[in-house]
Amino acid sequence: MSTALAGAAPLAVEVAGLRLKNPLIAASGTFGYGVEYEGILDLSLLGGVVSKGLYLEARDGCGVPRIVETPAGLLNAIGLQGVGVRAYVRDVLPRLLPFDTAVIVNVCGDTVEEYAEVTRILEDAPRVDAVEINISCPNVKKGGMAFGGDPRLTAEVVGAVRRVTHRPVIPKLSPNVADIALFARVCAEAGADALSCINTVLGLAVDVERRRPRLAFGTGGLSGPAIRPIAVRMAWQAARAVKIPVIGIGGIASAEDALEFMIVGCPAVQVGTANFVDPGVYERILAGFAAYVARHGLGHLSEVVGSLQMPGAGGPEATPESGG
Amino acid sequence: MARNRDVPLVGKEPLEGAYLLLTFRHPEVAREGRAGQFVMIKAGTSPEPLLRRPFSIMDVDARRETFTLFLKTVGPGSRALADLRPGETAACLGPLGRPFTAPSPGVEPLLVAGGYGIAPFHLFSLELVARGVRPRLFYGGRGAGDLQVRSPFATMGVPVALSTDDGTLGHHGRVTEPLEAYIDASPNAARCALYACGPEAMLHAVARVGERRGLRAQVSLDPWMGCGIGTCLGCVVPIQGAEESRPRFRCACTEGPVFDARDVVWRGEGVSLARRARQAEVGA
Amino acid sequence: MSTALAGAAPLAVEVAGLRLKNPLIAASGTFGYGVEYEGILDLSLLGGVVSKGLYLEARDGCGVPRIVETPAGLLNAIGLQGVGVRAYVRDVLPRLLPFDTAVIVNVCGDTVEEYAEVTRILEDAPRVDAVEINISCPNVKKGGMAFGGDPRLTAEVVGAVRRVTHRPVIPKLSPNVADIALFARVCAEAGADALSCINTVLGLAVDVERRRPRLAFGTGGLSGPAIRPIAVRMAWQAARAVKIPVIGIGGIASAEDALEFMIVGCPAVQVGTANFVDPGVYERILAGFAAYVARHGLGHLSEVVGSLQMPGAGGPEATPESGG
Amino acid sequence: MARNRDVPLVGKEPLEGAYLLLTFRHPEVAREGRAGQFVMIKAGTSPEPLLRRPFSIMDVDARRETFTLFLKTVGPGSRALADLRPGETAACLGPLGRPFTAPSPGVEPLLVAGGYGIAPFHLFSLELVARGVRPRLFYGGRGAGDLQVRSPFATMGVPVALSTDDGTLGHHGRVTEPLEAYIDASPNAARCALYACGPEAMLHAVARVGERRGLRAQVSLDPWMGCGIGTCLGCVVPIQGAEESRPRFRCACTEGPVFDARDVVWRGEGVSLARRARQAEVGA
């Protein structure tokens, strides 16, 4: 462990064969390619970083406005603007070499073949530790959520990526489904090593003076503290449904927020929108973890994973079933 | 290099109306901040409003390790800053973005400010005067109450032409009118450089003024910003260099906020002035 | 129109045969039985009031804590504590007689038969203007969301209620589904006269010190400003899917919030959590409506209903399809 | 009758530590507010935190149309109130809930306050003294800093027994210890009535003190409240009268916050004291 902060508390975890020095991972699309933080944040503090979504080719993304604030949340339709996987391998990966952190690449595609092809190109690249499959982006017209909302297509994409890589494969689940446990199981059966849960929730904000959506694209993906109770619920449902690890995502901005996900069963978490709010968020969370470990006399932070006690029923006599 | 810090408020000066000056301690911004650069700043840790807000660096004091913002209170983010008491801290990342580029020797800098767009020109004037260059300021607003930063320019010996939409102070009309009048009357009209910060329509008008007279113009754009460091991709603006066959989205936070007015694809135009000129050359 | 405020602007609407003096309805479970507001708020200011959920018999509801705040939201598990439909008809309805507002009763059941039986009892009661079918409560162990998450059961419940009442039938949709348009269509086909959209979003908040849910019941329903972008999106999707009117619900606390729902296609809206925050919310919204009508030179507020202009694509050249 | 109003802050008096006094103008609360009643109040309109917060009415001034709260700053809602400046307004609904019931003639009221639980007893003492009844106050806290409201009781001539958990002021120990000592030493022990407001464990202890000595006790409960008027059903507490075969959830906001201690089903007990006594009678 390379830094004093991270070394101060027993935080290392292994997720799907990935060794992370701590359970904190920067979420896709909210951390650029990682290299933007030079001088602002030492990437070696993080358990891992996820790249923004990468297709075969570069993309312009959506028009502006692309981001609007909603109550305690952020609604975005970036549309996966990005450099394309080859430019990423050529220009970005070498710049991540100096950092002691896991590099996870967020893989996108308009077709099953494109997901596989992007993954194949990464397979030859050094420095990539795992592949996260983005089957849940709400802001594109093809691919994205269309895959993550259909169990059969989900299985196909995960299977196709699985076949072309030896690295851990981590599908990222969409919250815009009725039964996230079903999708968790489908991914596990198709060969996933872990799950990321959740991507943004589909939303719409209207400019009532102009009677148009506030985002140029129309609808967008909701993230940030507003969605945390939804995300914790879904992470809990997914973690109960499968044996593979679930990485919790959604509205994390403090150690307590991260611990909610860990307690419901996630060995690791991703921090998204909070990166925009505060580049110091990782140091704050790590300090909070250390305090929690000390306060609760834990040998290792991961002792809390899955420790949620679901209540019996309540009611004025606290007799079982009166909660119904 | 930008640094993220909790910065204590060390000075607060209310001005008229919704305006005020706030001074914070932040060694890196104080030492390295240049005119046109900005900080991302937020008072408190409430998730509402969620994000930091961009504000131009108006002044720096390297010795005291402080910088100053000129703030117009317009919504929850600016209000939370305005409500800070001395000694309370804000979360602040900076200095960010690309600053204005000083003019070549012998070129007269003409600064065009609209409303809170005055902020970077205060620092820019200080920088220029320190290098022995005397800029000239054209300062417009809706009414007299929007022209809150005037005396520092008098102190620096920077000539100021005021204008207001409602005629309550200075020229009655657009800020570009006295600008054009000055250029047209100047014996040195070809040796001027334009710098503009303010509402988009004003920036666009300044770009046209420059274009018509063959003057370079640097404009500081003001898009909605989520992060300030190129990761949220929320602040993109369509930019097209002369050699680029189509516009590309560029981050105003890292490649701007200051752009060459000729490279900007202005609203409703579809192509940049630079590209249009190149096409005309090629076509010709 | 009985009050100056409501009379000041042309706001009256007809929804599923119900004449409402304005589009504002108090949402179920957030306004008691209405009678609690005596002296605080003149019920005749409102277009309508929805009772809290009623079963055949009285219920204790869940244990405490039943309500916790989350970022810009409220997570609740009340568990439909209530007096039962007969006590409501006997004790509450007479007290609503003096008020010039539509009375809508929120009907619950553990079984299809119970929904029908509750509705039948209401059929003989005066003063009831419509029936809202709660097939979407997340905080009960039977009935509730189990119905609203299954298209076949949804159709059964709506059909059963439809057969026993002549009054307008308004199923209340659950947001915890993948495709709300599907459920909207199922309800319309089963004979619904209008839809209420949405109920609360299933969530979970964890007390990390005690490693237990913060709510006694465990999971809860998320409401309030946090969910508004999700609710507006769903109301838009539902309104596009069916010809019957959709009543928009979720996070409304101002005229602008209500107008978001109206612009995406809802002729009326319900105000829920904001009732707790501010009993003056209706007067504020009505004043905001009047200002909006004046500012936009509208002959009638309902001119905005469904006026949303969805954008073409964006992109740096604003050419179609580059948003993808 | 409760009224919802935007109330201007007309007085603010910081006390030690996290405590302060806030005075607002609200004619109905000022005129009708009784000891034990409360208001639901929120500064600002931010959705964060979302809900209003309950605070006991500590004092009223019908002539000035004002009421006063005694506030401990513990989180965002109380902090936003504490940050109000005179002239700024808060949204306030009140007076709410059922007040304390005055004792029968000849019965000595013994008031037991923990921390901010002192607030209603300030108003209650004023009410009692005005009726010619002299209560006696037992006032406990963690440390001396938590016993912030003392001089008004001296002014009213109300005897006060202080106690602190850490011994920094008054009796070193629980507030119920001096209470029990007083009752046991009193020649008039059977003619006392207990009134308590403070942490749940303290209320429970006072209930037991009353039970053992056959004294009536009124306790002001302090559950989380969402609305204050009986609509959110978030504030329910298990209550069981002597005649009720099982506890029922009752709203603390409308049927309380003041309850007869014998009717409360205390944590871990499953049955109320009143019911248990009745069952013992029947069993006997």
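We call the chains A, B, C and D, going by the order they appear; numbering starts again at 1 in every chain.
Following the convention adopted for this analysis, a contact is a pair of C-beta atoms (placed from the backbone, for glycine too) under 8 Å apart; a residue touches a chain by one contact, two chains touch by 3 or more.
Bear in mind the structure is a predicted one, so any value in this text is a computation, not a measurement.
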Given chain B and chain C, the chains that contact each of them: A, D
Centre-to-centre on C-alpha atoms, which chain is most distant from chain C? B
Roughly how many whole angstrom separate the Cα centroids of chain A and chain D? 47
Between chain C and chain D, what's the gap in Å when you average each chain's C-alpha atoms? 36
Let me have the rounded angstrom distance from the C-alpha centre of chain A over to the C-alpha centre of chain C, please. 32
So which stretches of chain B touch two or more other chains? 47-48, 236, 248-249
Which residues of chain A are in contact with two or more other chains? 60-61, 64, 71-73, 224-226, 316, 318
Which word fits how the chains touch one another: line, ring, star, complete or other? complete
Over in the complex, which chain A residues touch chain D? Could you list them? 71-72, 316-318
Given the complex with chain C, which residues does chain B contribute to the contact? 47-48, 236, 238, 240, 246-249, 265, 270
Would you mind writing out the residues of chain A in touch with chain B in their complex? 30-32, 36-37, 39-41, 60-61, 64-69, 71-74, 76, 78, 81, 224-226, 253, 273, 275-280
Touching chain A in the complex: which residues of chain B? 1-4, 42, 47-52, 91, 93, 223-224, 226-227, 229-234, 236-237, 248-249, 254
Which positions of chain B touch chain D when the two form their complex? 46-48, 76, 83
